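Accompanying notes for the structure given below.
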Amino acid sequence: MKVGIFIGSDSDFPIVEGAIHLMKKFDVKFGLEVTSAHRSPERTRTLIKKYEESGVSVFIAIAGKAAHLAGVVASHTTRPVIGVPVGGSELGGLDALLSTSQMPKGIPVACMGIGKSGASNAALLAIQILALSDLSLEEKLKANRSQMAANVEAASQKIQDKL
Amino acid sequence: MKVGIFIGSDSDFPIVEGAIHLMKKFDVKFGLEVTSAHRSPERTRTLIKKYEESGVSVFIAIAGKAAHLAGVVASHTTRPVIGVPVGGSELGGLDALLSTSQMPKGIPVACMGIGKSGASNAALLAIQILALSDLSLEEKLKANRSQMAANVEAASQKIQDKL
Amino acid sequence: MKVGIFIGSDSDFPIVEGAIHLMKKFDVKFGLEVTSAHRSPERTRTLIKKYEESGVSVFIAIAGKAAHLAGVVASHTTRPVIGVPVGGSELGGLDALLSTSQMPKGIPVACMGIGKSGASNAALLAIQILALSDLSLEEKLKANRSQMAANVEAASQKIQDKL
Amino acid sequence: MKVGIFIGSDSDFPIVEGAIHLMKKFDVKFGLEVTSAHRSPERTRTLIKKYEESGVSVFIAIAGKAAHLAGVVASHTTRPVIGVPVGGSELGGLDALLSTSQMPKGIPVACMGIGKSGASNAALLAIQILALSDLSLEEKLKANRSQMAANVEAASQKIQDKL
Amino acid sequence: MKVGIFIGSDSDFPIVEGAIHLMKKFDVKFGLEVTSAHRSPERTRTLIKKYEESGVSVFIAIAGKAAHLAGVVASHTTRPVIGVPVGGSELGGLDALLSTSQMPKGIPVACMGIGKSGASNAALLAIQILALSDLSLEEKLKANRSQMAANVEAASQKIQDKL
Amino acid sequence: MKVGIFIGSDSDFPIVEGAIHLMKKFDVKFGLEVTSAHRSPERTRTLIKKYEESGVSVFIAIAGKAAHLAGVVASHTTRPVIGVPVGGSELGGLDALLSTSQMPKGIPVACMGIGKSGASNAALLAIQILALSDLSLEEKLKANRSQMAANVEAASQKIQDKL
Amino acid sequence: MKVGIFIGSDSDFPIVEGAIHLMKKFDVKFGLEVTSAHRSPERTRTLIKKYEESGVSVFIAIAGKAAHLAGVVASHTTRPVIGVPVGGSELGGLDALLSTSQMPKGIPVACMGIGKSGASNAALLAIQILALSDLSLEEKLKANRSQMAANVEAASQKIQDKL
Amino acid sequence: MKVGIFIGSDSDFPIVEGAIHLMKKFDVKFGLEVTSAHRSPERTRTLIKKYEESGVSVFIAIAGKAAHLAGVVASHTTRPVIGVPVGGSELGGLDALLSTSQMPKGIPVACMGIGKSGASNAALLAIQILALSDLSLEEKLKANRSQMAANVEAASQKIQDKL
């Protein structure tokens, strides 16, 4: 179990699907838990300890609105914690973005962008961290980058037909 | 100990002074603690239990930026929790305001305005809650309101001289 | 009549349904009124007095946009007033959130989050306040919290199947 | 008494000085009162009636933060109400601007810009309204406009020396 | 022609319909023009002069995004100008709200709330201004207020059935 | 090739269609490329050089969210760069607007409004720049302005029927 | 006269000083005028025509708050118009930024960043536009870029001493 | 060289001092460079390659306003990139926060809070990442956490004297 992914509610599952896809594509072992900083604080604390004991390297916490989940996880571990603000609130996720990014001095959270792209980027950042001690992951990341650049070029070719 | 006041950092003391003054003026027993949701999560949890056991009725939590303190306290108690967002961050306290108010369904925090006025209002709201079962407090609150109205009128008189 | 719930317009009814459900679930007597700070100021004032005389403990005021209802109620009573900002305006409820939370020193309003979750949390906060002098309510609140934590755990179990 | 100016607090006096200067310059009779929507709601209501009876044409209400004063005045009169949001809060006056402008359908408030310029413009708008039935005011307004344009041109001349 | 209503684009017609309904209900003569501060500046200037000559008392200008229309009208007349910010832009109308309200010292615009409610309130404010010299309008305004209050009470009655 | 248009993703094509239509209407030679500041940085750099060598006069860069494309293009050329922020993100394009406009001293980007209107205006601004050394373009621009003013007037005529 | 610089008020002179310095450094003829979209609309219109007749290539308009100056200039000319939002308002210049950037389809304004950097960048963009038909300017621009890069490197050297 | 710290301007040095202090305290080798995404794009690209070749594990990029530095670094490397938004702009750093956090899918940047706290947290996050393969660092991090909690408790003791 290299990565522990916590989502604040099962309604956040569509946000995390792209991240799960990346975990599988890069063949990284991960656990996924629904746990809430507010509705299940003891469960959250217990899960952090359980994941730490099973050797987790990185936590990803995904939550919306006041979005305390990433900060609460970060308060209980010195492993890197990546926070993904969920949008869809009346304020479009600005609330979750500020709650996740504006952490006090001493307890960092690596804040991603809002929503699905942010969750996918959380997965990639976790893999980039793991790649520091896993050459095969680094090679896969570089191949992924090349593929992205190739996709951009292909999209550009295709769009010429529309002119 | 009727009211437990938690501030996230001792640098927040100037924010809370007006609230302390009100507690003393209304003769309400309170405790004041510095404790951080992030830097001292165990202490925060322990203090909540300790205050609950000593019969606290209301918690007041004062914090800035990501401002998780009120939410964390609320996650551990069913006593009313009043949150005061602290300003002075680069974003003027909008971050703390959203982090304190936009709580998920199930775990309410009574969010006040930003800064010193908000902290004083937290004290008054706590006293209003205590007054529901303490007639002498209710009378003092009403006297306080009358005094405020009288002060407004006096200020209006005085300002006529400047015209 | 323990709780008086005022909504600014009957179009706000869907916002308040969850709160009503909670009132009934916790068996708390409440009254619901449509009254506007702006379109029916006399009615609002009269209702506050009427509810105070019938022994109301807590007011909940729900309004959108400039959202003066909670502040106006608070100006006429020393009972705790909980304000719920309604979203759905062009500004997503930021207007109502600031109008409800940024109260001047001396007249507190307990501001909840925007919309339906905020309204449900207003009901829960009112119940938490009532529970200070009603042990049966406190027990129900604790059971409610346990149920929420259990629901989180169940959701987590169920989501494993999707991996 | 043609114009009734209400400020929420005597600390708002510096905001209103430019408006008072304009009232005197245009020789328009006005009254100035400190009164708070929240701390002195009865006084506010009584003053509105008193001013209406003395034949006031326009109200100007100046307040900060949740800034309910203009809306409360508007709820009690059908005379035009001009609202001036006061800045200087942690949110720079965005709170007061939204609370003053985003009024519900049926009860208009004429919202000015934030702060001193807004207060001066409130005075000018009140004079523009009075000028609809007072030709001498209309002429003074036109002279004022010409003076402003001349000032702009003079400033432009003077600035050439700095090049 | 008592009121001149300018909309920046014919796509803004749905915004202004409620205002037109009020003009007709209160039997106030008005003109409606599509004219743009940016796309038809000469037409805008010419229309202002034409309306002034035909004795217009109040201008209403309705525009979105950068929303310069009200400010441009105000720069060419000393008659009261009411500005209505149109929403629906990517920024929800915050852009139009700030462009309409934050006028420089010397040239007031009476800013309404965003969108349809704001446009209806612009009509009501124009009528309130006209009512200063037209007792029959003042009576209709008071009747309108009573009707609004009665509607609120009726809505409250009806909602009791849903409990 | 007078204008080089870069879009950050082929999903931005609907944003750029109006701009392409204008390029064709004004008979201005342009190239369109999909290229990402982040996913294809080398391609972006290479394209800038290629377009510069083929004598491009103006670049238009269209991107959303963190929206670095215009800034990156501007860092590699001294030709004028026009940036168009794309909306549709959870924050409505405010992110892209700030990322595009708030460039550091020394490297200007000409920021347009958010979305389709902004993209069309980017095309017009590019044409205005080209028109400085192409009288036929200047004449077409003036004809376009006259047509816009005529359209406004026609829309105004048509709307009278709805009254 | 290649560039016409309009500032809304002589108090904006400190904002424009860097731009003037750049104009002189690049030896570009320019005119500077104080003129207000609102307080001197006729002067603004007349100046635009005067500058157009004297062969101006680019306009720069610098204004704060509702900041209509750039939009008004753009409505009267088809020459490129660069707008600089001035900060220092209670809203930090967000008002001016939105008023300047969110122009309607058909009338582009090239919006710069807020304040002094934005004004300097306006000068550079104007020079970049002029450089399209003036090789000596293009060379100076490239030299300027090289100098900036060299300054960065020198600053980096110097900062090593502080470690 | 384990960590490469890039600041966009030497004026950002006070922001980074706390981070440098932490690097030294934890005895982590780092390099500090001034380099700008916009003013020195080639230098930035070259430095990234140079640091990668010298075995850097983590990049930290600190920049304000449009704040493209972190994104540009991330576009050129698959090593983890931590971005620190600098405040102090007219918009208080909201611009830099959105530019740093709202990265497109595929290229993650770990966004910290605004300003000095954010920079210190960037250092801590970098150390947390390095600690995954360096037990001595992990122990120091845990000691650091214990120290922070002890400091909180000490501050709480000291504050009791002020009551």
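Which chain is which? They are A, B, C, D, E, F, G and H, in the order written, and residues in each are numbered from 1.
Following the convention adopted for this analysis, a contact is a pair of C-beta atoms (placed from the backbone, for glycine too) under 8 Å apart; a residue touches a chain by one contact, two chains touch by 3 or more.
Note that the structure is a prediction, hence the values are computed from the model and not measured.
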Each chain counted as touching chain A and chain D at once: B, C
Least step count from chain C to chain H, where 1 means the two chains touch: 2
Residue-number overlap at the chain D/chain G interface, same or different (half cut): different
CA centroid of chain C to CA centroid of chain D, Å: 34
Chain centre separation in whole Å, for chain H relative to chain B (CA means): 34
Approximate Å spacing (C-alpha centroids) for the pair chain D, chain H: 48
Residues of chain A whose C-beta touches two or more other chains: 9, 36, 39, 65-66, 89, 91-92, 94, 101-104, 106-107, 113-114, 117, 145, 148
Pairs of chains in contact (touch as defined earlier), listed by label: A-B, A-C, A-F, A-H, B-C, B-D, B-H, C-D, C-E, D-E, D-G, E-F, E-G, F-G, F-H, G-H
Footprint of chain A on chain H - complex, ascending: 18, 57, 78-80, 82, 97, 101-114, 116-117, 120-122, 124-125, 128-129, 131-133, 138, 141-142, 144-145, 148
Residues on chain H engaged by chain G in the complex (per definition of touch): 7, 9-10, 13, 20, 32-36, 39-40, 42-43, 65-66, 89-92
Sites on chain C touched by chain D in the complex: 8-9, 36-39, 41, 64-68, 71-72, 74-76, 89, 91, 94-95, 98-104, 106-107
Of chain H, residues touching chain B in the complex: 87-88, 92-94, 113-115, 117, 145, 148-149, 151-153, 155-156, 158-160, 162-163
